[in-house]
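Note that chain A is present in both complexes that follow, paired respectively with chain B and with chain C.
Moving on, here comes the complex of A and B:
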């Protein structure tokens, strides 16, 4: 009973609570698109007649094109509406550059912190038994269930001028809300679960025999972690990190609440998109948006590659 | 094996450090701030709280948020099932690309989705221009809210149903077909009952996500009070008016709804599990 069998798409049969809330990007999970193809098609004709089959495929693809594809294409079309020169000019605006810089800084703060948290949480949860474990797992997933607006609001209530610590902070000249620390906190909040929920099922399925063997053979705890555990979970780490990064860079609602929208200072890229759009500067808004759309595409590509890798590893 | 937790804990190092760090981190980032929210709204008397959260403008926003989220989740349940089915059962050119891009609504920043959908569905947009002569207005109406929620909800249904479909024992279908069932009978009597828990879970996930959604909706909604204003936007509006307590009260209501949905999803999951075990 030690290792839970991973469901084809990384869904374990006993997934608790809202673990599923974040499933979409992840699912596809440890078994990959190859797995969707039943091995060497059985030559039997079965199921719906060919006409129905074609109709089903056509309507599914049409729905997909209408709902998912057109918005994606529209982003790039609108961004290049006034030509490549205008596009590049929009992106090299000082405010746009400042937004890119801030977004990168936020990701650089949130992703490493949540990586460390994810490894620590997964180590405790996957390798040990203790009371209240399932409650802890649910708590880790909690940020997925909370509206992003609420994620921002809670920090305003803590650190805002009318908040708990507001008077003390302003007396000491520390700005949290409408400044980098508030943005970082909101970003960390919405991305807390990504790495942990990636690693927990992975490390649970690997068990702890290898670590115990290393320890018995005289390795120190740190050596065991570095030489045994880390190589085993590296693809899970990459996977969790790219999802965490995508969300950290793209988060809108939570940072919008704590940002104050100060141009060139507290505007992240998604907020810059909003400001430009509301000023009817559509092409520039879509230019910045196209960078974020590219980020999403790159994320999906890396995700597919990592899945293929883990598939190879598990097939070996 | 798990009957000797204490002895096993002794073998691997780092338990206290890892758990301690986890708890402190979670407490500081997640739990403490959420407590601040609940305590803030507890500053109101019960009567005041009730008046805030049942104000007409809020009631209208609940109707919109819950109504549009429900309809969007229902639409995605139908088409999500169709997509999952086609992706698992049929080979066709571009299948892998469709499969990878199904997650796009999850990976695309919500603000980007918001402005893209608005551009598509406004009067002179690619899609809006064909709807306008028909008298259908999408952008800046409640229908726009629905469109945005349909976009963000799609992956939840597909990715919940897909693994179940892959795991389905083909032998059952073949047996049914051998016994003379038509393809439609095989689907409705054999496949659909097995899929039902996953479909319901996918629906609930899409619904839960849609209720809290903000970024993709506010651009296309028009945000007219009483007409196209969603509940999360009211929280933001209250904050901008420095009505922190009011914002906290509305947020508390939303949190309660989210938690109930989590419980519902949990229950659905165990239903799903029972289904599986009974089948085995």
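Moving on, here comes the complex of A and C:
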């Protein structure tokens, strides 16, 4: 065997040995990627007779139309009953505008906080073993298990005038209940699970091999997170964020308890809808409701896009 | 000595996964850690890399004590059993990763990174695969990308955890020969973990047979076959000899 000089970089220029060695490999045909075959078309079901099939489809569509589609159409129909002008006037009414603004502010507080918390919690749960892990998982699920009204009442019990911290807070002139802080707390409480729940299974399935590989290659903890962890969970994060946002904007029970229903101040959009409806101001109520319905439609579209993206990435 | 392992012990609860192991690996050597599953060979390899800590003992790389040096500063190359390629990056960017995350002052310029990556792509026979993503590659190709990525940072030692474990029999046989040739060219001190006797005997300069966290014997493949030091070694190698191709 001829001697080969060691390149300063640690590699030799002489490739002949390796090239010769690789010849049988190529001949074996294994350079062709097995993961490259296009997905086969799903075969048509042949078992069910056409009549049964049509009946099943028809009943599914009818059910969906009755339960989901009709109410959605009704919302817009009612909102525009007195014409577009009246619709716009109802929305530009000061109290309605205040409700829209408050809802947006609450979403802007709750979503980023839950994004940060969700990533941190999911990372800890998926990649490390520690004492109290199952307790943390249960705590994250708690808001799903507890009725939102109870969640609101907990905060009233803690921060309300008769509550534990109430006297101290009012002595210092801090208002939590019937004000923005209370609404924010209630919104955060009900939206805690969305991001973390989305990320935990994703991160668990990805394991920590890639992070370890990055660390061995000299990446810092932050670089590892930025360049490896974050890109891998990107779409899960977007998905969790839109679901979290939809809930933050649409939440009724928890915020209703802590709101106090002060017009133009502590009424979110869902609360505003209720008040208008109770005052028999149906058109205005449905006008505000139509904005929430629109939000739902946008959420669905974004969700579909993200799901398509995720499939594309995993099929790539 | 390239790698010196000095009385390394690692316990999981009451069970010693690695039990006071001493081992020295010379410059440019290719050493196999061979043993059944649960013998502590992967744990030992991860301790050398800095991915696991040791409860006691020291790790020296090229004479300097690395025991308390974090993984990223040890300058070792590590090839994972399941490749651990960055799935969202192309083959090119996977290999470039170790260079790109360097602090600015000793990061090569883009042109330098490109040259280095192309050199490595050539070395691992994947010159035209730079723009592919990991899941567009076969297992053997992924393994070679993982190897190129580990070599990109000019590691002082190369550590491979069951490098062929996830490949089918035909491919692993071919890749074995190829790795042996690559090591002959690159000459970086290498340690690989395997539970496959044939693999260890065929590729390694020296074989370290491990059992229950301890070293049973360290010897060249020929010595090992001629004079197994313990009943365990003889028994463990018996399977290999009967299966070995004539």
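Here is the rule we use: the second predicted complex is superposed on the first by the 268 of 316 C-alpha atoms of A that agree within 3 Å, B and C clash if a C-alpha of one lies under 4 Å from a C-alpha of the other, contacts with A are read in each partner's own complex, and residues count from 1 in each chain.
Just so it is clear, a contact is a pair of C-beta atoms (placed from the backbone, for glycine too) under 8 Å apart; a residue touches a chain by one contact, two chains touch by 3 or more.
These numbers come from a predicted model, not from an experiment.
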item: Partner chain in contact with A:167 - chain B first, chain C second, else both or neither; value: neither
item: Contacts of A:273 with chain B and chain C, given as first, second, both or neither; value: first
item: Partner chain(s) touched by A:112 [first = chain B, second = chain C, both, neither]; value: neither
item: Touched partner set for A:212, first chain B, second chain C, both or neither; value: both
item: Touched partner set for A:223, first chain B, second chain C, both or neither; value: second
item: Touched partner set for A:231, first chain B, second chain C, both or neither; value: second
item: First, second, both or neither for A:83, with chain B first and chain C second; value: neither
item: Which superposed partner A:146 touches (first chain B, second chain C, both, neither); value: first
item: Footprint overlap on chain A, where chain B in one structure and chain C in the other make contact; value: 1, 9, 11, 14-15, 17-18, 21, 24-25, 28, 33, 35-36, 212, 215
item: Touching residues (chain side chain B, partner chain A) in the complex; value: 1-2, 5, 8-9, 11-15, 17-19, 21-23, 25-26, 29-34, 36-37, 40, 79, 82-83, 85-92, 94, 96, 98-113, 115-117, 119-120, 125-127, 150-151, 154-156, 158-160, 162-163, 166-167, 170, 173-174, 177, 183, 186, 201, 205, 208-209, 211-215, 219, 232-233, 235-236, 239, 242, 244, 247-248, 251, 254-255, 258-259, 261-262, 265-266, 269, 273, 276
item: For the chain C and chain A complex, residues of the former touching the latter; value: 49-51, 71-73, 75-78, 80, 82, 84-89, 97-98, 101-102, 116, 119-120, 122-123, 125, 133, 135-138, 140-141, 149-154, 170-171, 174-175, 177-178, 181-182, 184-188
item: Sites on chain A touched by chain C in the complex; value: 1, 4, 6, 9-12, 14-15, 17-19, 21-22, 24-25, 28, 30-36, 209-210, 212-220, 223, 227-228, 231-232, 313, 316
item: Residues of chain A that touch chain B when the two form their complex; value: 1-2, 7-9, 11, 13-18, 20-21, 23-25, 27-29, 33, 35-38, 41, 46-49, 52-53, 56-57, 59-61, 63-64, 66-72, 74-75, 78, 116-117, 120-121, 123-125, 127-130, 136, 138-140, 142-143, 145-150, 153-158, 160, 162-164, 185, 188-189, 192, 208, 211-212, 215, 221, 224-225, 246, 249-253, 256-257, 269-271, 273-274, 277, 282, 285-286, 289, 292-293, 295-297, 299-301, 303-304
